[in-house]
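Two complexes follow with chain A in common, the first pairing it with chain B and the second with chain C.
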Partner chain A sequence: MNVSPLGLAASSLPCTMPAQRCRVSSGQLLSACRLAWERGGALVALWASDERDLGRGFAVRVLLRDGDGLTLLEHTLPDEGARYPDLSPIFPAANRMQRSAFDLVGAVCDAEDQRPWTWQAAWPIDRFPLRRDFEVSPAWAPGQEDYPFVRVAGDGVHEIAVGPVHAGTIEPGHFRFQVVGEKVLRLEERLGYAHKGIEKRFESLSLVDGYRLAGRISGDSTVAYACAYAQAVESIAACAAPPRAAWLRALCLERERIASHLGDLGYVGNDGGFAFGLSQFSRLREDVLRLNDRAFGHRLLMDVVVPGGIARDLCAEDAALMREQCASLEREIAVLRDIYDEHAGLQDRFRGCGQVTRELAMKLGLTGLAARASGLPDDLRCDFARTPYDALGVRRVTHTDGDVAARVSVRFDETFESLRLVRAMLAAMPDGDIATELPQTPASRLAIGCAEGWRGPIFIALESGHDGSIRRCHPHDPSWQNWPVIEHAVIGNIVPDFPLINKSFNLSYSGHDL
Partner chain B sequence: MLHILHQIAKTGIKSETAPTADEDMVVVARLQKTILRTLGRALTIRHIDAGSCNGCELEIQALTNPYYNLEGIGIRFVASPRHADMLLVTGPVSKHMAIALQRTYDATPEPKLVVAVGDCGCTGGIFGQSYASLGGVASVIPVDVAIPGCPPAPRALLQGILAAISAYAPPVAPAVDRAPVEPTLRPSDGPDAP
Partner chain C sequence: MSAAGFLSQLLQLAIALTLAPILVGWVNQCRAWLSNRSAPPLLQPYRMIRKLFHKDAVVAEHASWLFRMTPYIVFAAMALAAAIVPSLATDLPFARAADAIALVGLFALARVFGALAAMDIGTAFGSMGARREMFVGFLAEPALLMVLFTASLISGSTSLPTIVDTLAHREFAIYPSLAFAGVAFTMVSLAENARIPIDNPATHLELTMIHEAMLLEYSARHLALIEWASALKLFNYSCIGLALFLPFGIAEGSADWLAILGATPVLIVKLAVGGFALALIETLSAKLRIFRAPEFLGTAFLLAVLAMLVNLMLGS
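Moving on to the complex of A and B:
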């Protein structure tokens, strides 16, 4: 984004995609966000940091994205009383991020909605865990908040409360439905149950060791997180992973996408009343996980991507097995796709269900796979292609309908494309080292790492401390943007379709709650 | 329809025989017998995510794929703790989930077996104890068996479930203060035999 019309000076920000940073006043923060919005830009993340020890009060950082790359706006609140402007009128997705930034750091936003978001009475409301002088008291027992849900009144309107413990094997969250008969008038989400203090935990780790925690922010996207984290460390250290490592990382990332899409295709079929789909796709997924285990020593590929490179090389024998697996998966998935497409009952459940129009997706900042299903084409692998994607070329997958059927279709197409990419990688993989020694990392350097995970773009903002420590790490999951969109997607649908709609997005609780 | 039948026929039966990772490990027939002897019916399990990273959930979900054939052994996941013999609990217990976990435990009828899943369920794992995390499952509810691993592979999960059901003595006297039993497990399960 060109910030010079705003009278701003930008400096470069270490990142594997084009990125810049600029200091802004509160007025400039607002006008920069407005300008970004007018030019089709989107909010990536908003977080706060305690920088009182550096004599700077509290920092509020807003990361924006457009066709030119990333722009980080940095605003300083000199003291606790200062406020920064509410960005949610421009970017609705800012709402929860602002509330969370208050809960964790105590940076006050000038917004009407001052309800807590991450806080759920586990610590006193006037203490802020991400402040540097925060101390835990053993006297703080888990409490229960009285969250002011919005209620709909009227004839025949009733409320259904679901969670945080759900009927299936899924993560914890709470959903409040206001319904008439079976029809959903309103849904309100309450998340934060899986908050386990990940950002604070990072601050007790070294930059080099943080990758294990990064790979456990959302286990289903462990490769994407580890890639983003490793790149952030490498950007801070001003080094790069060797070419072979970059190719192997991408190979793992695509295998993670394949495994995840296979799982989701099965579950979406199951939630559509077609158990056959689940047993078929879960079998294929298991095949992928077993080969992951054989080739890289972990079924989900945890701890395979490390700062500086990759932990384990791929041997020729396993590469051959992968090639075979690509071929057999392509065949099997093609058959299953025909079955899904021709199954009238399934298509009846999928079509028109949980629809998000392109307009709504734009307005709410929908991102990743779900956005591509609503006609927004963003994909970091295409927009800012790096090794090896620049050499291979990624075919962008989009759909226009924005319903469950579209999200299913995007998953099918992306799975085929990932299989093609894996094959191409295996064919052209360069030889050489798989890791490089990390040089000493300088202190007080901020870098951004990013990766297009299967769910969407994942970002890690990482700041180094002294002696290779982590000063601050803010991971950002696309679920932040997409959870609020589900509240809209279900309106007018029937309650029994909620699990299907929810699964078609398959968002992360842990990655969002941190 | 023909398509579907053809695919089913072509897929064949994928279910494998029981986990046989260790010589002394219970095989399927014995597991089935143990479940039958102890409960006289299927073992019902309720999963609770008390704050995991969702990696453990993926492996629990994998148990229901055709390779592991959980239902065939006589194990069923149920939607309510009131229908469950066993709670399968993942994650470090986040403070925000502690009350929900306790309530779910209270709602579960005897035998109320509790299996803590993963390094996080065992000790809090990489997340440890903090202002937001209470650590392992045992810090909130009594645990019968803890299954290490990050995440434990499906066969480790099966072995842990077996260990819990095997250690359970059908109630003559009400079971009180059961000591946790560690299943014999290799730290990480190697690649599966074809």
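Moving on to the complex of A and C:
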């Protein structure tokens, strides 16, 4: 984004895609966001940091994205009483990020909605865990929070509270439905039950070791997180992974995408009452995971991507097995796709269910796979293609309907595309080193790492401290943007369709709650 | 009441109580095989019931006697129904006490208590399940009655043993009225027993549940009884279907002991085939959106009415 019309001076920001940073006043923050919105940009992330030890009070950072790349707006709150402007009228997704920034750092936003978001009464409300002087006291007992849900009044309207403990073994989240009969009038989510203090934990790790924690932010996207983290570290250290490592990282990323999509396709079928689909797709997914384990030593590929390169090389024998697997997967998935597409009962459940129109997706800042199903073609692998994606030419997968059927279709298409990419990568994989020695990392350097995970783009903002330590690390999952969209997607649908709609998005609780 | 009649009555009840969980286990096994999974053991439902009987019951604070009594009422209703439905023999002393209409009434009684108990707790899921159960029930019951009326028209009686005696004595041919009624009955059975495409007995998604949503607050022996009663319900429906549409092999009239003993393996074979057919239907279909249930059950009702009209007009 060109910020010169606003009279701002931008400096460069270390990142693997084009990025710039600029300091802004509160007025400039608002006008820069408005400008970005007018030019089709979107909010990526908003987070705050305690910088009082540097004599700067609290820093609020807003990361924007448009066709030109990333723009990081940095705004400083001199003291606790200062407020920064509410960005949610421009970017609705900012609402929860602002509330979370207050819960964790105590940076106050000038917004009407001051309800807590990440805070679940696990610590006193006037303490902020991400402040540098925060200390945990054993005397704190978990409290009870009284979260004011918005209620709908009217004849025959009633409330259904679901979760955070569910009948199945899934992650915790609370969903408050306001319904008439079976029709959903309003859904309100309450998340944060999976808050583990990941950002705080990062601050006690060194830059080199942080990749293990990054790979555990959301287990289903471990490669994407580890890639984003490794790239951020490499950007800080001003080095790059060797070509073979970059190719192998992409290979792992695509294999992770294939495994996740296969799992989701099965579960979406199962939620439609078609258990056959689940067993078949689970079987295929298991094949992928077992070969992952054989080739890289971990089923989900945790700890394979490390700063500086990759932990384990792919041997020729495993590469041959992968090639064979691609062929058999392609064959079997094609058969299963025909079954899904021609199953009248399943299509009846999928079509028109949980629809998100392109306009709504634009307005709410929907991102990743779900956005592609609603006709927004963003994909970091195509938009800012790096090695090896620039050499392979990723085919963009989009769909226009924005319903469950569209998200299923995008998953199928992306799986086929990923299988093609894996084959192409195996065919053209360069030889050479798989890791490079990291040079000494400079202190107080901020870098952004990014990777297109299967769910959507994953960003990690990493700030180095002294002697190779982490000063601040903010991981950002696409679920932040997409959770609020589900609230809109279910309006007017019937209650029993919610699990299907939710599963078609399959968002991360852990990656969002941190 | 003959000694053989008394014996057949006892034997039939005992067989219903023992075979019902095995039938559920068999259907689960077939479902697993049909989707390439390794199957749970045939006796898994028994282990489940045994496990539940050994646990301590947790009852919600606000539960009234209705909630505690319902498992017993539902179980008793299903056991009584098992005594009325001629599965092994038609010489059933109990069957004279209740006819086909009373049988539908028994099922309705169990349903009403189940729904009341679900609402008694006051949770959103209980009420939601009760609401959906009644919604499905009021659509399924008329269709079931119509099917039974068609069979009664043929035999001139609403007493189940008489109906089965009459049907079993007809020469083997495809009767259009019974064909229609058979399809209608299959559809009603799927809905009444909370099977796919109306409900999903294997689901863990609380928002999509119908029957399971009503049971969420039950535990231990209460849950065991309800699970057992559900198995009995499936068994009863299967036996009604077999008695009406495939009555061959049943011990008729005042038959001797040998005939009754001979009827047992025939019943088991018929149930095994029926259970496999159920698993096949469930594997091939997805769950219907809940508001498609009226279309599904409306079709069942229409077919049942057609069966009756065919019978009245063509006399076949």
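One rule holds for everything that comes next: the second predicted complex is superposed on the first by the 514 of 514 C-alpha atoms of A that agree within 3 Å, B and C clash if a C-alpha of one lies under 4 Å from a C-alpha of the other, contacts with A are read in each partner's own complex, and residues count from 1 in each chain.
Quick note on the criterion: contacts are C-beta pairs under 8 Å (C-beta built on N, C-alpha and C of every residue); 3 or more make two chains touch, one makes a residue touch a chain.
Predicted model only: the values in this text are computed from it and were never measured.
> Between chain B (first) and chain C (second), which, if any, makes contact with A:Q280: first, second, both or neither?
The answer is both, since A:Q280 touches chain B and chain C.
> Return first, second, both or neither, reflecting whether A:T357 touches chain B, chain C, both chains, or no partner chain.
In the superposition, A:T357 touches no partner, neither chain B nor chain C.
> Between chain B and chain C, which one contacts more residues of chain A in the superposed model?
In the superposed model, B touches more residues of chain A.
> Is A:G263 in contact with chain B, with chain C, with both, or with neither (first, second, both, neither)?
first
> Of the two partner chains, chain B (first) and chain C (second), which one does A:L346 touch, if any: first, second, both, or neither?
second
> With both complexes superposed on chain A, which partner does A:V335 reach: first (chain B), second (chain C), both or neither?
First partner only, chain B.
> Where does A:S31 make contact in the superposed view: on chain B (first), on chain C (second), on both, or on neither?
neither
> By the touch definition at the top of the document, which applies to A:A167: first (chain B), second (chain C), both, or neither?
Once the two structures are laid over each other on A, A:A167 reaches both partners.
> Considering each complex separately, which residues of chain A are in contact with chain B in the first and with chain C in the second?
In chain A, residues 167-168, 276, 278-280, 283 are touched by chain B and also by chain C.
> Can you name the residues of chain A that touch chain C in the complex?
158-162, 166-168, 182, 269, 271-276, 278-280, 283, 343, 345-346, 348-349, 494-499
> Under the definition above, what is the set of chain A residues touching chain B in their complex?
120, 122-123, 129, 134, 136, 140, 142, 144, 164-165, 167-172, 192-198, 200-201, 212-213, 216-220, 222, 263, 276, 278-280, 282-283, 285-286, 289-290, 293-294, 297, 299-300, 302, 335-336, 338-339, 342, 508-510, 513
> Show me the residue ranges of chain C that touch chain A in the complex, using the header's touch definition.
Contacts found on chain C: 31, 34-37, 124-125, 128, 196-197, 200, 202-209, 216, 283-292.
> Provide the residue numbers of chain B that touch chain A in the complex, in ascending order.
Residue positions touching the partner: 3-4, 7-8, 11, 14, 47-62, 64-67, 77, 79-81, 91-92, 94-101, 104, 125-128, 130-134, 150-151, 153, 188, 190-192.
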